[in-house]
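So that you can tell them apart, the chains are marked A, B, C and D in the order they are listed, and the count of residues begins at 1 in each.
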Amino acid sequence: MSASPVEFCGIELEHPIINGSGTFDANAARRVFGDELIAAANFPFSAFVSKTITPAPRPGNPPPRLWEEAAGMINSIGLPNKGIEGFLEHDLPGLGELPVPLIVSVMGTSAEEFTTLIEGVAERPEVDGLELNISCPNVHSGLIVGEQPTETLALLNAVRPLTGKPLIVKLTPNVADPVAIARAAEAAGADAVSLINTVKARAIAPGSSEPWLGAGSGGLSGPAVRVIAVKQVADVAEAVAIPVVGMGGVERGSDARDLLAAGATLVAVGTASFRDPLAGARIRAELAELAMS
Amino acid sequence: MSASPVEFCGIELEHPIINGSGTFDANAARRVFGDELIAAANFPFSAFVSKTITPAPRPGNPPPRLWEEAAGMINSIGLPNKGIEGFLEHDLPGLGELPVPLIVSVMGTSAEEFTTLIEGVAERPEVDGLELNISCPNVHSGLIVGEQPTETLALLNAVRPLTGKPLIVKLTPNVADPVAIARAAEAAGADAVSLINTVKARAIAPGSSEPWLGAGSGGLSGPAVRVIAVKQVADVAEAVAIPVVGMGGVERGSDARDLLAAGATLVAVGTASFRDPLAGARIRAELAELAMS
Amino acid sequence: MSGADGRVQAPLGRRRLTVSSNEPSGGYRILSALDEAGPAPAAGQFYMLAAESGWGGNAERPYLPRAFSVAEAEVTDKGLRLDFLLEDVGPGTHALAALEAGEGLMVTGPLGRPFSAPREINLDAAGAILVGGGLGLAPLAILRKALGERGVPLRTLLGFRDEAHSGGMELFRCCEVGLASEDGHAGHRGYVTDLLAAMLDGDQAASGVVYSCGPPAMLEAVRTMCAERGVACELALETPMACGFGACFGCAVPLAEGGYMRLCVDGPVVGGNQIETAMPAGSGHRG
Amino acid sequence: MSGADGRVQAPLGRRRLTVSSNEPSGGYRILSALDEAGPAPAAGQFYMLAAESGWGGNAERPYLPRAFSVAEAEVTDKGLRLDFLLEDVGPGTHALAALEAGEGLMVTGPLGRPFSAPREINLDAAGAILVGGGLGLAPLAILRKALGERGVPLRTLLGFRDEAHSGGMELFRCCEVGLASEDGHAGHRGYVTDLLAAMLDGDQAASGVVYSCGPPAMLEAVRTMCAERGVACELALETPMACGFGACFGCAVPLAEGGYMRLCVDGPVVGGNQIETAMPAGSGHRG
């Protein structure tokens, strides 16, 4: 429960604070903030998790894609991405210049698609690990695997042999028993699990009876889901021996400490970065201070 | 979507705002506020739902039972109650004096226990309907039925014949697919469903690595869960023909309107009453104002 | 309206008071507000308080209101003035401590069971000993006033940790009090319960009632001391509360006879014999 | 530092500015803050703003920061002063409108793509027409200043709904502007685009660039008008944003070529030919 260096799936990390997939685009942020961002002393995360990619390019969901709540937000982004080819050509070179290890998040709708993705990504030297997104509530296919232990087991059995690099399985919170999914991932050789993804939610357009979001519904993130995450992380960490990346509503050092106390090895910061691009660095500093007190 | 009188399972209600079970003790509140509370013009709800009772008395969970979040709270109350006999003798007379219809919430760990409860309660003239709590996340047995469509179907099939009074099935949000549970309840003759109950959550004690709550975990309620409730209410209301009681994080008239827009017939106010004992009345007034604008 | 146990009923619902002053007092603050609609509370009752604005924000607590014993209730020409003694220990008390005169204070109350005396004791003859520490001065201040007006023979013993925790003394301006401080900055160096023990064991041994409010360890010492000597005592307890009016069942305090009471409706004042300990239970309170 | 398209890079992270003034202007407010660490922004760029305290509370929004075009950036002896023009339309703008001098304003920026000119156009010779309405005056004010200092021939047309929506005029104090108002309280009774049409169709037909910011319907009229006449135009758009720096993909605006751009990094200034319409899409905007 400190902010010191930590080993995660054989990767040495400077500290336990990373980002949640899809909540920080290091290439875009570098355009905005300049090369200051990628100086080792400045980069807010000890490893970088890229936004989920799919085999083919996706435009993402129609707007509006955002809804704000008092302590969080709903997003229905819909996994816009350039597809694996676009990613490898346009995004990976920039991500390879980051001062920290790189974890690439991938999502497919079948074992074959995951295979395409893993084969395309894992061999690249810039890539230190992969996160398998089986939990995104915005894309129907995402839920099929992540809701069923048997599906998760089958997927991991199929793709585990493809690479020796760490495979992290990202879990959805929208199930009765996340432990069962985590156990299945572990049984089939996942190196780690990460949770929670966003919680299914909907907003009604003000002055109307219709859903606000272009896609109808989306996923809730931010402080509102924090204690839901602590619960699921604690349950999963108690049940599996592989490391757990805990996330959900982390805004302060004490939130990170709570997830570490619940059994997480790393903590990911998502929505908090939207309010404060260096939230990760601040949270890490606050965590270090808590660890000393 | 108005604040006008509404028919619910054959009961005429003055307006669509009721309370969530376990979040308002009308007898205790009458000791605090006096008979003013039960004047028809003052009572904040159009029907009163009593706190869940069980066949035998229960002391409830060890303290601490409460944890506060920025936009809500976790409770691990643990269904303290006097048992059915104590309820009928000590609580029901006072509840019978309320100026609104009475719905009694009951929870058993088996069809036999539910039978005891329903037989004991339903015949009483003070009682206008029953809510079957198959969702409380604080009591392990509560989840068994509410997580499985088949269990829900079996329970309802067993108890439906026991009474002609309305049976409302209260759903837990801690499942992948609340629609499946709602459909099972409807298929077996439930008159209505209500949702959401609290969302499983945990807090870590400040300055410690241990859970804060005496019972380890509890359920999140309040504004943090509002848009989770809107989503589940919308999905369920679209799938079933029986009326839906929507609840979860309702603090303002516009929150009630959103749940009505999502398909609810009634809206229940829970945690908001803790901050403001007359929150129900305020929300009803705000809803009326919105309906006119 | 007053209940059987002397409790004063609250106006229905929550109401907005206007803060009339908010002054430092030792390490604490005295927050005062004008309560035009409210009745005079009974000593030992409390109110649920929240700042009208600035309650939370930046996705931080507080969300729920906070419980505070009323320390004084004085009829002024502008209406009833309620005084609360508070210490800034977290986000709720911090927001209340920052309130300025003219700002809104949302209140529900008076709430809970006040101090009382067992039927078999004639307080006017037997007298009372008030034992307070730290923030526990609050309910004893209004109790002292009420008993004093009735002419009950009174002795007051107050204890402090150190100067930084010696606020609220002005609530006892009027009267003679016995003082103890752990650091010796005022009165007896040591615990206020040393003074109580001496009083109970000496020629002044009480046939009356001991009323106490303060930190759990102090209350527990008072409870044990009285129990051992067969002296009647009433303690004003604290526990986290969400609602204050019996709605949430969150304020459970274990009963000596087994089970729990809701401290907000069955307390906050309890008889020493109702509880097994005044120390809070549960892992949470280690922090 | 300046990017290829003239964008000025932001200092890394979020910083605290001190509000120097916050004054009403028509129905709007001009919020000014001193930015000691920040660079001078380019015209058309924006900042993400949040009040340091009082952002949310009572379990209400706002939670996220809000985007505002910079309206003026003036070097003073106390450092760079940033001016923002804002209208209180919801909880975020309400909290910003309530800020007082001396209070903290959390900012990230400057952000986004500024106004520019197509390579093939020599702006200094061909000149520019600025067409603004309502809050859209903000980015045009700083653009007018920048182009004016460069000596670009300028014509400015401003439109207002009515007096309650005529704030920000003092940002154009210096110069001659053509006015239109829907209620006729100032200048031409009607739309500002009537004036633009006359200008483009008359002897003053522009070989230069039209720069516009304002309500969607106005922007769409400008876009169509320019497209029909083959006149280059740049529009400063708005859409809800969570982050402002490309992190969330929430600010999607449909592209004419299909797909979406992230308005925070690929805008907010877009070429008229990049989009199919300036009207916001989606059910949400019916409200």
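We adopt the following convention: a residue touches a chain if its C-beta (ideal position, glycine included) is under 8 Å from a C-beta of that chain, and two chains touch if they have at least 3 such contacts.
What you are looking at is a predicted structure, and each value in this text was computed from that prediction instead of being measured.
> From subunit C, count the fewest steps through touching chains until subunit D is reached.
Steps on the shortest route: 1.
> Tell me which has more C-beta contacts between its two chains, A-C or A-D.
Counting C-beta pairs in contact for A-C and A-D gives the edge to A-D.
> Suppose chain centres are the mean of their C-alpha atoms. Which chain sits farthest from subunit D?
Centre of mass proxy via C-alpha means gives C as farthest from subunit D.
> Indicate the whole-number Å distance between the mean C-alpha point of subunit A and the mean C-alpha point of subunit D.
From the centre of subunit A to the centre of subunit D is 34 Å.
> With centres defined as the mean C-alpha position, give me the subunit B-subunit D separation in Å.
Roughly 49 Å, centre to centre.
> Provide the list of subunit D residues touching at least two other chains, using ranges where the numbers run on.
Residues 56, 59, 63 of subunit D each touch two or more of the other chains.
> Which positions in subunit B touch two or more other chains at once?
Expected reply: 69-72, 206, 208, 210-211, 222-223.
> In graph terms, nodes being chains and edges touches, is this line, ring, star, complete or other?
Shape = complete; every chain linked to every other.
> If we count contacts the way the header does, which residues on subunit B are in touch with subunit A in the complex?
1, 67, 69-72, 74, 143, 147, 174-176, 199-204, 206, 208-211, 217, 220, 223-228, 230-232, 234, 254, 257-258, 261-262
> Looking at the complex, which residues from subunit D come into contact with subunit C?
53-59, 63
> Quick one: in the complex, what on subunit D touches subunit B?
It is residues 59 of subunit D that touch subunit B.
> Quick one: which bits of subunit C touch subunit B in the complex? Just the residue numbers, please.
Touching subunit B: residues 1, 3, 7, 9-14, 50, 56, 59-65, 106, 108, 111, 239-243, 245-254, 258-260, 262, 265, 280-287 of subunit C.
> Which stretch or stretches of subunit B touch subunit D in the complex?
Those residues of subunit B that touch subunit D are 70-72, 222-223, 251.
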